[in-house]
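If you scroll down you'll find the structure; I have some questions about it.
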Amino acid sequence: MSHLFFLYFAGVIVATSILVVALRNPVYSALSLLIMFFHVAGLYVTLHAEFLAAVQIIVYAGAILVLYLFVVMLLNVKRDERYHVQAPAAAFLGLVLLTEVVLLVSQRAYQTAPAGLPAADQAGNTETIGEVLYSTYLFPFEVASLILLVAMIGAIILAKKNIDEC
Amino acid sequence: MIPVSYYLVLSAIVFLTGLVGVLVRRNIIVILLSVELMLNATNINFVAFSHYFNNVAGQVFVFFTLTVAAAEVAVGLAIIIALYRSKSSINVDEFQLLKW
Amino acid sequence: MTLPAADILAILPELIVMGAACLILVLDPITPVSRKEWLAWIGLGALAVCAGVTASQMGVRVMAFSDLVIIDPYASFWKLLLYLVSGLTILLSLAYLKEEAMHLAEYYGFLLLSLVGMMVMVSAADLLTIYLGTELMSLSLYVLAGIKRAEGRSLEASAKYFVLGAFSSGILLYGISLLFGITGSTRLSAITAAVHTRSLDDPTLLLALILLVVGFGFKIAAVPFHMWTPDVYEGSPTSVTAFMAVAAKAASFGAFMRVFLEGLGGLKANWHGLFLIVCVATLILGNVVAIVQTNIKRMLAYSSIAHAGYALIGVVVAGHATASSEIRSLGLSSVMLYLAIYSFMTLGAFAVVALLRKGGLEGEEIEDYTGLAKRQPVAAFLMLVFMVSLAGIPPTAGFIGKFYLFMGAVRAGLTWLAVVALLFAAVSAYYYLRVVMVMYMREPEASVTVLPRLLVSPPLAIVLACALAGVGFFGLYPDPLVALAQHAILALK
Amino acid sequence: MSSFPLLTIIIFLPLVGAAALFFVKEQQARWVALGVTLADFALSLPLWFWFDSTTAQMQFTERASWITSPAINYALGLDGISLPMVLLTTFLTPFCVGISWRAIESRVPLFMASLLIMETAMLGVFAALDFVLFYVFWEAMLIPMYLLIGVWGGPNRVYAAVKFFLYTLVGSVLLLAAIIVLFFKGGHTFDILLLGKGEFTPALQSWLFWAFFAAFAVKVPMFPFHTWLPDAHVEAPTAGSVILASVLLKMGAYGFLRFTLPMLPDATVAFTPIIIALSVIAILYGAYMALAQADLKKLIAYSSVSHMGFVTLGIFALNTQGIEGAILQMVNHGITTGALFLCVGIIYERTHSRLISDNCGLTGPMPRYATFLVVFSLSSIGLPGTNSFVGEFLVLAGTFFWSKPVAALASLGIILAAAYMLWMVQRVAFGQRSEQAGHGTIRLPDLNLREMALLAPLLVLVFWIGLVPNQVLTPMHASVANLLDQLDQQEAAFARTPRATPDAVASITDHVSPVTHQP
Amino acid sequence: MEYALIPLLPFAAFLILGLFGHWIKDRAHFVAVPAVVTSFLLSMLAFLDVAGGRQTTMPLYTWLQSGDVTIALGLSIDRLTAVMLLLVTTVSSLVHVYTIGYMQGEKGYARFFAYIALFTFSMLMLVMADNFLQLFVFWEAVGLCSYLLIGHWYERQSACNAATKAFVVNRVGDFGFLLGLLLVLDSFGTLDYHQVFAQASAYTSDTVNLLRPFGGEWRVSTLTLICLLLFVGAIGKSAQVPLHVWLPDAMEGPTPISALIHAATMVTAGVFMVARLSPLYNLSPVAMNVVAVVGGLTMVLGATIALTQYDIKRVVAYSTVSQLGYMVMACGLGAYTAGMYHLLTHGAFKALLFLGCGSVIIALHHEQDMRHMGGLKDKLPITYWTFVIGSLALAGFPLTSGFFSKDDILVSAWSAGALGKTLAVAGLLTAGLTAFYSFRLVFVTFWGPSHVDPHHAGHVHEPSKTMTVPLIILAVLAVLAGYLGIPQFLAPALPGPEGTGGHHEGGAAAGIMIVATLLGLSGIAAAYVMYVKLPGLAESLANQWQGAYRLSFNKWFVDEAYDRAFVKPTFHLADRLWQRVDVGIIDAAVNGTARGVAWFGWILRLIQSGQTQHYALGMILGAVLILTVYLLT
């Protein structure tokens, strides 16, 4: 059963991600990415990461992708007529790399490492993460907030029409 | 129980698809989408490991990755808009003021 | 949820800088344009306070925030350097922005936020923290690079930096995820322990290692991950370029060495050869391509690549397979020393470039420096000193930096590396001296109006004076800096 | 007296002067520079008189810690080898200032500052007793020299300056590597005297030898590393040429004496034939080159190559006469070639050409000038009674004791020297000026008082050393003997050429008959 | 100690004239002449002292001390020195006086006096030297003076060429001298004459392996090598074959110089040197033979060339070459006294001849070509008669000094084995040629119809007293020098090699004397016939023997041969080496390296295409490469 789920999600994820790259129209690319996000969220659920699954949908699908689509629409981007000239080389390299990476990552049996943190699978995944975020990971959390601050103001500065407006 | 390697192979495929996407697409927006693919692949890794180690650290990492991804998108799209304003193009291979 | 005071105290400098940054961002809208410069002084004041705090932390070694942050002399060394560099960059920016008629207080906010990112990087004890620090630094720099929106080159630089930066951070992140999968943790201490028990030819570990090399190689601009550097350095506003070339590089090196020497120290035998090749390639490419550059910022970009190559010598030495603790400390301290000295001279050089910027392109093409010694003798002399120092010719500090690196290389039995590096130092002398040649040995064109006196604003004068003093003083008496660097690495196991 | 930092003052006074130059006006700059260099020379005179020539110990030593880790000291001192060099430097710099009085019209303070910085660096090189300190001074002179050539030089000055800079820099970077290797292999010290006592394996010595060689041979310059010299000389302003020829070239030879011989005795002995061969080639090749030149400065530059060949020849003869001759020849070459460059500079100021064909028949309009030129040329070809003869004689004697055919080959250089020098003199000093078309408009006033004052002291020195060379030789004796002792004590593995001691004569001239003689 | 003044007075004169010549100008002779004359008087004293059996040595100061090599300067006066002192100061004094007239009104008057004073000093120091190095020092110093004086008229291109040539050719000789000197130093550990001579006999069987440093084996007797090398110096200085070429050219100098330096004193330094070092030469038969043969060759060659020259001074110059050959030959055959004897007499009559030439030249306003002379004997009687006396002495006319000395040489030669006999025959024949060319000179110049340039012909007159008086004094000396008992005076100082010298075969001696006289007379007669009686004969003979004539007229083409063999190739080689090696290889390699690096930079720079994705590709390429390398290893 779990294998079936995995195969479904994995299949769609791979397919949509290839479509993201392959589709000429950016809008379609974005939409297939959206499908991929949903399926990644599904995969997270099978891995008992319900909180992340939710966040994935809310943040990625709900915010990020919408932003993308917004920009695509805003700029009225035309169909991408062709790939970059280096595409064959890149594809070849990608294949080589893929072979190597797959060879490398599949060679190894992963064991459970000693856990110093609360188990992730226990009931209330969201509470656990929340607790950890505000205790153990307080510092990164703060840094992340700064990153968002930078992103916010940075986006304004870069995107606004006239600097002297405000 | 699905072996971790399955997830790893999946994420590797997605990651490399994204990577190739960055290399072959000219539209800067699609390039950013490809970067999102790479980040998602990473996230799959983290979550899978987190599951198999039965520890929450990986999931926390993903949480932060998501945050960073959002921030990057914001900044990135801002840059794209600004660029589009000045050059009326978002094809990366047409930005060649700076070279050599 | 309790916050131990000790933890807060440990990250006090970060908090202060962050606070200052936020203050600037908040005050920005309510400050009249004519007084926006004042906001920069807030940042400077914050830096001064931080310097005091960090200096007082110099002797301590504490872990904070559940071992995600480490405050040790190593981190403090980098932080002190970063304060200094950021302070000087702010001063430089004051002059530069005025010249460019850009009245953006946000600029200083981003500078300080970027600095927070760097500080996080160097005092991180966890890959997560390092990653977040890097991202904070990078995102701020993307914005800063493109802040001169009116100019296409600035935006293009920003875009290129952003695309490649995001790309490389994706790769870095993937590497981190694999490392997490192998060791079960992102704590450096846990990784250290885990790696020690692993066999060296664990395939995934190898992959993770290489992906980390790509990620960090991008940040420190090592060949072949350097290619963004020239374009971005050229296109970005000069003050930002200076900041990137100096602070970002220093912070990246700080984090990079902590990760590889402490976290992945057990894999020395694996990455040592890799870094050796990268180091030599960086040295060669940086120096050789710099020869044919015509834009001074681009030339300095290649020079910064080359200098990363020099600094890598120290890393290679410290990571030498048979390195005793003495060699290791020699290698590490020489990198720190080198980057500190490099900061002075590179900042100085960029300050001169900024000084000569008079709208348009003047001051960026090397040809623009024609006859500078007649037009602006003081500026020309300063440039001369910085170029000589960059070329590593005594009695400037650049020589001392190289000297220690080569000491390490020879000590580790890598005499050939020292010789190669020295030969390329001689090559580098060619392009540095070309600037001197253009300034001193060509007559200024008749059409160029002779400026009455050097229009140097007080902040810029301070920057130049500091850089000159650093280059001169540490060239003649490097002992304090050497002692500081050596003290700093005692804590690093 | 040992507590009084005389050497430091001598070395850094010019630097202080250079700093002061930034605050004075153009015309004052000349006077300040002249005053500083003269004062420096005056200060250095006591060195000569207080020098104790009975001991090989370093004298006027000063020592202070400079860098703690690794231990690098600010250590200075003089022995009989460096003393003449220091005095030569302090003596000649005022001449460089003097010859530039009118010749340099733009950016005078910068020019004078460069000269003064050069002086500091050169003095430092000769006085340093710490290898890193030595290297710092050694490299520090690159920039001022680069500026001297590049800013105030001739039409092709940039090429010459860059060539000079890179050539010497590439040579000396290997030296730096060697210094560091020495540090680790020689007991973690940069102390020149201690390193001189260290023992290194022959294999290591070989490597170090060639690393040293790269630096010193370029500076000397030895064949085939000499091609920077003609360019640099030709393009440099007169003062630059004088400094270059008189002092800079000596540093290479000094390096051989100070470092290669005592530190790497085995390698020195093992590679002596190669160096000797290169020296002989340099002597003959330089002379041939000089024959082919139409440019006065180039001719003198190539003659320098030839003369410096004698110096290296003498050094690597590895005996008292050879080494003392070499040191003396260094001094002589400094004086004579310096003087010749001054002469060229003087005529260049008048005719603005350095071509022999443009400067014909000067005796008519400028008899005094011609007299000086002839005398210095004769000194250059080693006429007895002038300084160079003594040096060349001792060098040849030393070489002769090492190998007769080599000495014979080297002596051929003397014939060639006569040929190119006299041919030059014949064309420049003699002949008829009026035959040359188009020269009528150039005024050729004879030497003025300043120029006389520049050349006359050198003339006196030419004869003083030529007639009483012992005064210069005496301070060297103890140091050279000590140097050779060091060579002897350390070097054991190689069969060495015996020196011409009365006992050693026997082994040089192989006795067939059982008859022995007692001198 | 007062003898130190002998050289020092001329030196003082030189210094004064050299430094203050600018102000002294035409009064220069008031400085120089008294100094030299005083010097002459002191030399007389010294001579008498030595004749009284007292030898003087005066150490001056330690010149040079390095390791075991110590060289002290000193003066020593022995019999050999004493006669040389006398010769030098005498001729020098006369030439000084003569110069007053000869150089009157010349621009470089003071300079000229300064130079000859310096020369006198150097020559005196040379003969008074008590060690090899001092000998060498002043050996070169006289060469310098010769250089300066030949080039006195520096505006004349030919004079400059001649000066340079003289110096360089002499340098070639000095090259050998220097090596010989070094070999002495190397072998004996000292350069002091007395110490060397004292040890010399112990070294007779010493050899030097010339190929030792190269691992080969080539043993040469040390003493022979020393002697030969030193003799190379003598060849140069005394204008022996093959380095004689400079001497005729040296006639470009003012005539007093030719008399003093290129006839009487400096050129004889080689002979003096061989005689001085006779204790060494005596120990090396091989070297002796070489010396004798070289001398003999020079003797013949000089004479054959002198036969056909037209420049009045060149004839005398080649005769000097020939006569020097006599002297050297004599020394080589062990007859040092004979050689020195001829040196002295030759000094007198050759100086006379040159000064005579000088007064002719002055009278004809610097005309030197014999073909533009003739019929001068009535206009210049004093010159003519003194010239005839000189020529007679040169020709070995009985009862003149030349007769005695030449005869002494020939007789000694005859008694010196087979080589000696061969050379004696050559010497006899040369004596005939000598007589012929010297009287050819007399007849063509002074007899016959006048070919003088009509511009000057009218006012040809005898020069001033300052010039004629020296001529007369020298003429007297040219006759009387043969009667002074010089050989007897010198004999104790110059023993020949064992087994030779000393015992002349009475019969043979008389025979040789007669043959020589007859040959001399017939030479004079032949000259008389050819140039006075049958003026066309010379030309027809020349046409008949065209080959020989041309060989003689063109000086055996030695100059041309040198030009082809050494001078041109040297300059050519220099130019080639410079263009091909220095510029073409070394510099090209240096510049090529620089260009190569820059080119490399250009290539690498192109990678930086400006395309973001290329950069990303580069990163990935790097990663893949690294990964692949790791996987493969």
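Labels for the chains are A, B, C, D and E, by order of writing; each one numbers its residues from 1.
The rule is simple: a residue touches a chain if its C-beta (ideal position, glycine included) is under 8 Å from a C-beta of that chain, and two chains touch if they have at least 3 such contacts.
Just so you know, these numbers come straight off a predicted model, no measurement behind them.
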Furthest chain, CA centroid comparison against chain B: E
Identity of the most central chain, Cα criterion: D
Chain pair with more C-beta contacts, C-E versus D-E: D-E
Distance between chain centroids, defined by C-alpha means - chain B, chain C (Å): 26
Where chain B and chain D are represented by their mean Cα positions, the distance between them in whole Å: 66
Rounded Å distance between chain C and chain D, as computed from the means of their C-alpha atoms: 44
Chain centre separation (chain A, chain B; CA means) in Å: 6
Multi-partner residues of chain E (each touching 2 or more other chains): 594, 605, 608, 610, 612-614, 616-617, 620-621, 623, 627
Junction residues of chain C - those touching two or more other chains: 128, 132, 135, 139, 142-143, 146, 149, 158-160, 163, 167, 171, 178, 181, 184-185, 206-207, 230-231, 430
Residue list for chain D, restricted to those that touch at least two other chains: 166
All pairs of touching chains, each written as two labels joined by a dash: A-B, A-C, A-E, B-C, B-E, C-D, C-E, D-E
Complex contact set, residues of chain C against chain A: 1, 3, 11, 18, 22, 25, 29, 33, 64-66, 68-69, 102-104, 106, 109-110, 113, 116-117, 120, 126, 128-129, 132-133, 135-136, 139-140, 142-143, 146-147, 149, 158, 178, 181-185, 190, 194, 202-204, 206-207
Contact set on chain E toward chain A in their complex: 613-614, 617, 620-621, 623-624, 627-628, 631
Contact footprint of chain A on chain B as seen in their complex: 1-6, 8-10, 12-21, 23-27, 29-30, 32-34, 36-37, 40, 43-44, 47-60, 62-64, 66-75, 77-82, 84-85, 90-93
Chain A - residues contacting chain E, complex: 84, 86, 89-90, 93, 96-97, 100, 103
Residues of chain D touching chain C in the complex: 66-70, 107, 110, 132, 135-137, 139-140, 142-143, 146-147, 150-151, 157-158, 161-162, 165-166, 169-170, 173-174, 176-177, 180-181, 183-184
